[in-house]
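After this come two complexes, each holding chain A, first together with chain B and then together with chain C.
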Partner chain A sequence: MCGSHGSLELAYDEYRNQLLDAGLLLGSGVSGVYGLSGTFEGVIEAFEKLITRHGSPLNPEVMRFPPILNRKTYLSTDHIETMPDLMGSVHTFKGDQRAHLKLMQKKHADEDWTTELAPSDVMMVPAACYPLYPTAADSILPEEGRLVDLRAFVFRHEPSPDPARMQIFRQREFVKLGTPEQAHAHRDYWLEKGQEILTSVGLQVEAIIANDPFFGRGGRVMAATQQEQALKFELVTAVASEEKLTAISSSNCHLDHFGKEFNIKTSDGNDAHTACIGFGLERIALALFKKHGLDPDKWSPEVRGILEI
Partner chain B sequence: MCGSHGSLELAYDEYRNQLLDAGLLLGSGVSGVYGLSGTFEGVIEAFEKLITRHGSPLNPEVMRFPPILNRKTYLSTDHIETMPDLMGSVHTFKGDQRAHLKLMQKKHADEDWTTELAPSDVMMVPAACYPLYPTAADSILPEEGRLVDLRAFVFRHEPSPDPARMQIFRQREFVKLGTPEQAHAHRDYWLEKGQEILTSVGLQVEAIIANDPFFGRGGRVMAATQQEQALKFELVTAVASEEKLTAISSSNCHLDHFGKEFNIKTSDGNDAHTACIGFGLERIALALFKKHGLDPDKWSPEVRGILEI
Partner chain C sequence: MHIDKIRVILSAHGRLTQPVDKLDDNSDLYQAGLTSLATVGLMLALEDEFDIEFPDSVLSRKTFGSIETIADTVEDLLD
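Let's look at the complex of A and B:
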């Protein structure tokens, strides 16, 4: 292990243990899967209300999707191609009593009993905006486009000792569907607004061009293109480590990717462009605890005032 | 199809279509999986706050778990034995580039590509209290026991045309861990309190002994025992159908089932007993829409006052 990697692991362990000892995180025995205390959840709720106060004047449509989505919707995106290692496919038992006996025998013999399962009709949601697009499929947008306010749990199979890299977490998003100009303006508006909101609660963030972990050789090409076109920006800050900053928000232009896939048209008959801003709620809470201490009662009156806690 | 079954299906279709037309539910193409509008979510939030106002004076520990739990925790319960057909096992892709090629070839050939996946370390949460028990494992409870306030998405693979039978929904729960007397008193307290809360918002509920859908032949025995011992009560009301009432809350004594399984002891050295009350949040919102109409702005001032909306 090289020195730098070692110190990163140490930083992850140290912050994770602090959070576990303080009872803010509750261990589950699986890396990156935690329960949250009422205090932790309270910080998320307060930050969400702050986002709502900034977002409401724009009068978005509010939609809340569950953590699972139609398997067909999942397969309409290119996620299985570009990030298969992060997916969550939900399987269940569809057999009769005799098949159940076999399942239980395998389980008791410590064999892989999941071979007796069948895929269900759903997958874990990989990004909060995925379930939105089929609801807009085969539609023509109004001239001003559509603005949607989303929140959902998203799943990413990436077990990690970094407490900020959870396998399941909530994204609060604002998505614009419209012309290229409308989508672009949305991303730029929220990139600035996001910095303003995060700075207002004492988080120093820096905007960088994102570098998503696309899978395999083809993925390296995609990552290079994403960077070259500067489509996605992340707002990064120090969470568990000062050395490796953590993205707590991201702002992404999808071009006509989803518009084409789901046949969403602008009023002038072109494929709709989409763009989204996402706030990683657990990460933002973790950044606040890192910055201001583990007890929100002791945060500065200024920060508490802005969060209305 | 017998007449009664037909009229039930009609009632489900009618109410589901009303909800979809009003935009309160957003269809996903999968039975029992919906997005919710801001109005729907607002009713859930308001009802949750009402529960909090009733529960907070009891000073519970607040914990919030995500929709997935450790596969080992799942297997420590008897869910795979008693309700395997409801389970959700999360699988992912763990292969290399070559294995990915095979996955994609199967997908393009419309073959079952999920055979290329491997089980992850997590399962969908089947009941909001399951992730709690391992956090209390191998512990001795204080003399007064412990009271925990939970909310989680739970998954049940039971696709249904009944809008009130969702495959994923939120349970708000209060769980008591303690002596048999403490657990019993908790269930009885909340059975009454639950009725009081639901009645206060205009829902006529009836307490009945529950009849859980245990799997197979062994399941019929379990169901009979559960009924005989009167361990679990449900508060039922008319949601989609007047004919077949819907459980919107349930109150369950687990005896020493989880105490034994997770080695949780009372201060006098015995296996802890546990009991829980759960509120089905989506179902309660659906019951409120059915009772008071689809527009909360038009609900009576009394109900709006109690919900503080």
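Let's look at the complex of A and C:
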């Protein structure tokens, strides 16, 4: 076990250093927080356009939300119950001149100055689909349901040496709101479509039943339940490590969880079911660099052709 | 038997959509509205009440599927 863990750490360090040395990632001094070079960003843009070419025939509604969301919306999801260790709460300074002086004194004395801060109205977005649901709250869906195309930076507090485990990264998602059958069909369609898209750019992916990283021992019950019901699938491939594959896309069936919480009804009056497919854009770029090399100019004509780069 | 205690805990922590006294020991608790999140609260309350700890091997949907399966698991852990 020790050896295996050690080799995994080595693989993370090796790939991360390659990316930093090549200037594709720009270090920030914090694990899992990077700037990206123009080349890296160019690959993400090209891949996103590929997704758009596959998704737009379905005529989704396109929405873009910022990486922060209403604190009240955050509390309407059960994220604080299920994944409290991953949350990001945005705090700010709201005090007067005297309080500011105290803040400065603490900062200069190298004391904990954050105790002088207060919560703002916003939280970091933990998943790209969260800001969508309040916009559909208290509504009745059309008979065919709704399909929404989303992209957002999402935050997860999980500092890691694995370059593929960033604390803030982009998810491109397609979310279906509809009947249980429509949600399932969406999940099944995109699970296959996702494999097709990723395979088309030379990535070998495998679909596995997965679970969210629920917190604590109680989280194991939730994880087991999610696995037993096969609610979450991940498409995994080798990124930093061949031995521990990395999820680059995932599809979740949320059942009526968000439909109930946000009072979204189907046309027949039942609580709406939702399902989403998400593509982890930075991870997909990292998988492409790993597979085809760090210089996209040298990728095969086939892959460049599919990505139109 | 611990069924009565389990029923009280289930009533307090299960967030069921039906009253617990309307359920049989083998009724499907998920059908009765038990969610996976409520299962966590239920598990922790059972651990406190019976001074037990559910090992990873029993942390499954099946364990919390009915009052009977919960009671069987609690019995096993108390043995």
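As a working rule, the second predicted complex is superposed on the first by the 308 of 309 C-alpha atoms of A that agree within 3 Å, B and C clash if a C-alpha of one lies under 4 Å from a C-alpha of the other, contacts with A are read in each partner's own complex, and residues count from 1 in each chain.
Going forward, a residue touches a chain if its C-beta (ideal position, glycine included) is under 8 Å from a C-beta of that chain, and two chains touch if they have at least 3 such contacts.
Everything quoted here is computed from the prediction, not taken from an experiment.
Note on chain A: of its two partners chain C and chain B, the one contacting more of its residues is B. When the two complexes are overlaid on their common chain A, residue A:H91 makes contact with chain B while staying clear of chain C. By the touch criterion defined above, A:V221 reaches chain C but does not reach chain B. Of the two partner chains placed around the shared chain by superposition, chain C is the only one that A:D78 touches, whereas chain B remains out of contact. In the overlay built on the shared chain, the residue A:Q229 is in contact with chain C alone; chain B does not reach it.
Residues 81, 217 of chain A touch chain B in one complex and chain C in the other. Looking at the complex, you find that chain B touches chain A at residues 26-30, 33-38, 40-41, 61-73, 75, 80-81, 84-94, 97, 100, 103-104, 107, 112-114, 117, 119-122, 124, 131-132, 134-135, 149, 153, 155, 157, 159, 166-169, 215-217.
Residues of chain C that touch chain A in their complex: 36-37, 39-41, 43-44, 54, 56, 59-64.
Here chain A touches chain C in the complex through residues 78, 81-82, 217-222, 224-226, 228-229, going by the rule given at the top.
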